[in-house]
Amino acid sequence: MLKRKSRWLLSAVIALFTLVLFSQACFAQDTMTGSILDVQKYERAIEIMAMLLVGFGFLMVFLRRYGRSALTATFLLVAAAIPFFMLLDSLGLFGGPTKVEIDQLILAEFGAASLLICAGACLGRLKMYQYLVLAVLFIPFYMLNVWLVLGNGFGILPAGGVVDTGGSIVIHAFGALFGAGVVMAITNKKESAIPIESDYTSDKFSMLGSMVLWVFWPSFCAALVSPEKVPFTAINVIIALCGSTLATYLTTVGLRRKISISDIANASLAGGVAIGATCASANHPTAFLIGILAGVLSTFGFALIQPRIEKVFRMIDTCGVTNLHGWPGLLGGLAAIFVIQGLNVGAQLAGIGITILLALIPGYLVGLVLLALGKVKNHYEDSEEIIDVNQG
Amino acid sequence: MLKRKSRWLLSAVIALFTLVLFSQACFAQDTMTGSILDVQKYERAIEIMAMLLVGFGFLMVFLRRYGRSALTATFLLVAAAIPFFMLLDSLGLFGGPTKVEIDQLILAEFGAASLLICAGACLGRLKMYQYLVLAVLFIPFYMLNVWLVLGNGFGILPAGGVVDTGGSIVIHAFGALFGAGVVMAITNKKESAIPIESDYTSDKFSMLGSMVLWVFWPSFCAALVSPEKVPFTAINVIIALCGSTLATYLTTVGLRRKISISDIANASLAGGVAIGATCASANHPTAFLIGILAGVLSTFGFALIQPRIEKVFRMIDTCGVTNLHGWPGLLGGLAAIFVIQGLNVGAQLAGIGITILLALIPGYLVGLVLLALGKVKNHYEDSEEIIDVNQG
Amino acid sequence: MLKRKSRWLLSAVIALFTLVLFSQACFAQDTMTGSILDVQKYERAIEIMAMLLVGFGFLMVFLRRYGRSALTATFLLVAAAIPFFMLLDSLGLFGGPTKVEIDQLILAEFGAASLLICAGACLGRLKMYQYLVLAVLFIPFYMLNVWLVLGNGFGILPAGGVVDTGGSIVIHAFGALFGAGVVMAITNKKESAIPIESDYTSDKFSMLGSMVLWVFWPSFCAALVSPEKVPFTAINVIIALCGSTLATYLTTVGLRRKISISDIANASLAGGVAIGATCASANHPTAFLIGILAGVLSTFGFALIQPRIEKVFRMIDTCGVTNLHGWPGLLGGLAAIFVIQGLNVGAQLAGIGITILLALIPGYLVGLVLLALGKVKNHYEDSEEIIDVNQG
């Protein structure tokens, strides 16, 4: 038998030993769980990268004689935007630095996505180096807007006041409206007469880009969502995309009698744009409805709204980004008011308003800068800057 | 020194405190692990989505003048099938509702895959809206068959009696045979004379689709497998695909003297089809063997079996899905009998038999419905429903 | 009240019970964490597979009349290399067997990548079955070199002495130099006169391959890195790729006045090649610098070095793999000397030296074997072995 003193000491030692082991194991486990979650975010980051290069890049290959330039421009815009964003954020500008490294990468990719949207508006009319100028001028305004709208920048809007999980407002609408601003400045009279042509092969490449965007869109919207909400959010995005894809087909046939591949390739994605704001909070039927509305709106944009806007504002939007990212983005931002109970409506509207102003005005000014740097001689032509056919 | 009473109380309190902390931590950890595993399933779900749109979509672009229609049809079939499946399952039909949301999405994707296989048989001969009709009619029969064969529906077959982890039987063979049923109903005499043409560019797009399917096939088969079995299952699938790819090359050259790109793009995937049933249970050499047999069988199908079947049954299978998904799917289902010790052979054979009947007969009836709705005027022609070239 | 004896027994029992529960939970948790980490590696393995088939495959489609052959060859090379590597490793050759199954798959994919690089040098000049011969002859030398340089094979170099996390030396430089050896043996005088042509569509397919490689390159380099280092490593790779992409644009315009799409599609990836050795250890600015240097070096390679080497050594490197994988790979291996403090410089240099010898000499010998087996009649022509157009 144990001595009396030893008895309670023994059990106390076992208990303490277990407690110490347990807390160590907990700490190790938390660290490991943190690493695992970061690697899961990394997977989504890589899928977003596929959207940026293969998705946006090939969607813009619909221009039959500017495809190789569009792909080169995509490469350059991404390669400039991502390190530049990370540099500015690391310097502590616009609310930075972001503490978790993989989050910083994802935020930089969001910025690159918005930039690619903007560039889509002026595609085929900038010299190659001007895309780099655009990247350098765009990114700070983009970061400023995100900081003001979502990051409590200057204390204007309350933190968490504006709901925009997947970037309907600050990524899509901002990029499209910034691009609208740019093309309002750079479009000249003659350009309306220059055809924007696709062909059978360029249409298929465009559909490839569209499908890559469609497939990985859930990872875009759920990139920074907490792990337990990822499946729900992703399914909402998929359902919204299904809605817009079906609605686009019905609307394009309804408006044009036959199917426009450009409508299918673009407006099918409008559900992803519009569900962005509420992707983590809407229920599935609402997500489907938002998708349908976005698909209809976007197809109307391509078929009816764009021709009128181009005349009124004398602006040519090469890829029709206002139709795909502009109106559906604003729709998504406004939808949050109806979808999310207890939403700070004033903040949401103010966030949308700030985004519109901070996109259009600096966009127009950046357009003037680009115009001052000159324009291409031959519109939508690879031969402007690319060696004709590289025979050995 | 502590008082005597306090001594044992102290150690008891430490021990209890540790126990409470520990159980809380365990609970939190289990919840977190559940979320992490669901996000891992989500990744595989996204990869399957890439197979559905980019994979199946572009594989069907081999039709040189129907590529844009094939891509549009793919978009519509997926966009209709996934929410429709989720709706029916959520309503509790066919053994639903599935409890875990991400599992429901993956099951819906499986249904969409089977539907795309079926649609491949009649590609180029349906009007665009008819693909939507096909989706709506196909999905309930698909769900019924899965429920009967794998889900103990009506108690006909014992739960777990049929082994079909990756869907050789209920996804691939079902879809292909349903499609065979449809085309038996809709093929008319004249159609044998209409050429099904590819060209150099459409062949490359087809190879793109094929490669995307090849790459993500392991995620398809391992989508719902328990985490510790994912690597083993995935490697089995990869080995089977390597086997069928090598066998296809040798067989296509052996049978045709030169390489048929259509054989390479399709039959290379037959290993993935056939390993489905036993992907989690076969050993690696067996997986390689199954892949080789499937590749040989599928290439023979394209080169020799299909022309005879088309004559005998007066059916034209546009994409040759019977060769890629039909015979190799049945081969995979039957292979389980030799591979898995202690398999309920009766149940496995009954499951295959039910699948064949539930595919062919409703497929034929659905074909009659589609036929009653009319057919395209120009076969395999984008111009039937797509605006010719969308010049600005 | 409890009896005295019971008092301490109670607390001892609680403590022991907690300890047992805890250790069981820890064990279960560790097993589960192991599975989760293996599934995360699996995701990277799948992304590498996308690089092998879609990435390398389509990058080589730049050959306008050899695209379908290039894709078929890619299929065959991968389908042969992966099971063959796994077989040799499982037999215990070259330091095997690898214990963790998913690690073995990833190592096999690395071997397939190196093989594809090698095959790029002789593309368009081998008969289809000769690619299979190349695969069988290449893989053992590749495995031998990896074992000698990184695996303490024969005890020549200390384990961990050579730093090459992402394979700058043993994958990229080895594959390129082996390919250089092969083409030194097989190139004949007439071949210099045969043009290596691309066209607009083949250029776009090539850019697709390039972008797929770019996007998934971080998963290649971080495939076997410990989870907590994955994000840092991946970001280094992305930054290096951004650097090489920007540098390639500036260098191609600087050297050629206009953009060469071949430069953009290839040299943009040189940052990924060169950062391989130090991807887990360099800081981000250094990664950017390495990327820039690699992009400049690679573009110089395509524009200026290759034409001279082809004359001096009478070797035609079809895809220019020496420029993309050769020089940048060696650059990356040497960069480690400047980047990593306390590096065993002697071992690093010896590892590079061994790699050069074990690539060039066996490469040349393998080239002689291939030459003895005969060569194609029509260079860079699909019609050599592929059925012209598979009309129904």
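Labels for the chains are A, B and C, by order of writing; each one numbers its residues from 1.
Keep this in mind: a contact is a pair of C-beta atoms (placed from the backbone, for glycine too) under 8 Å apart; a residue touches a chain by one contact, two chains touch by 3 or more.
Just so we're clear, the structure is a prediction, and the values are computed from it rather than from any experiment.
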Angular offset of chain A relative to chain B [C-alpha, multiple of 5 degrees]: 120
Interface residue overlap between copies chain A and chain C, same or different (over half shared): different
For chain A paired with chain C, centre-to-centre distance based on mean C-alpha positions, whole Å: 31
Overlap residues in chain A, where contacts from two or more other chains coincide: 7-8, 11-12, 14-15, 18, 22, 29, 36, 40, 43, 201, 208
Residue numbers on chain A that touch chain C, as the complex places them: 7-8, 10-12, 14-15, 17-18, 21-22, 25, 29, 31-32, 35-36, 38-43, 45-46, 49-50, 53-54, 57-58, 61, 67-68, 71-72, 75-76, 78-80, 82-83, 86, 101-102, 105, 128, 132, 201, 205, 208, 382, 385-387, 389-392
Chain B - residues contacting chain C, complex: 8, 11-12, 14-16, 18-19, 22, 26, 29, 33, 36-37, 40, 43, 47, 194-201, 203-204, 207-208, 211-212, 214-216, 218-219, 227-228, 230-232, 234-235, 238-239, 241-243, 245-246, 249, 253, 256, 258-262, 264, 268, 284, 288
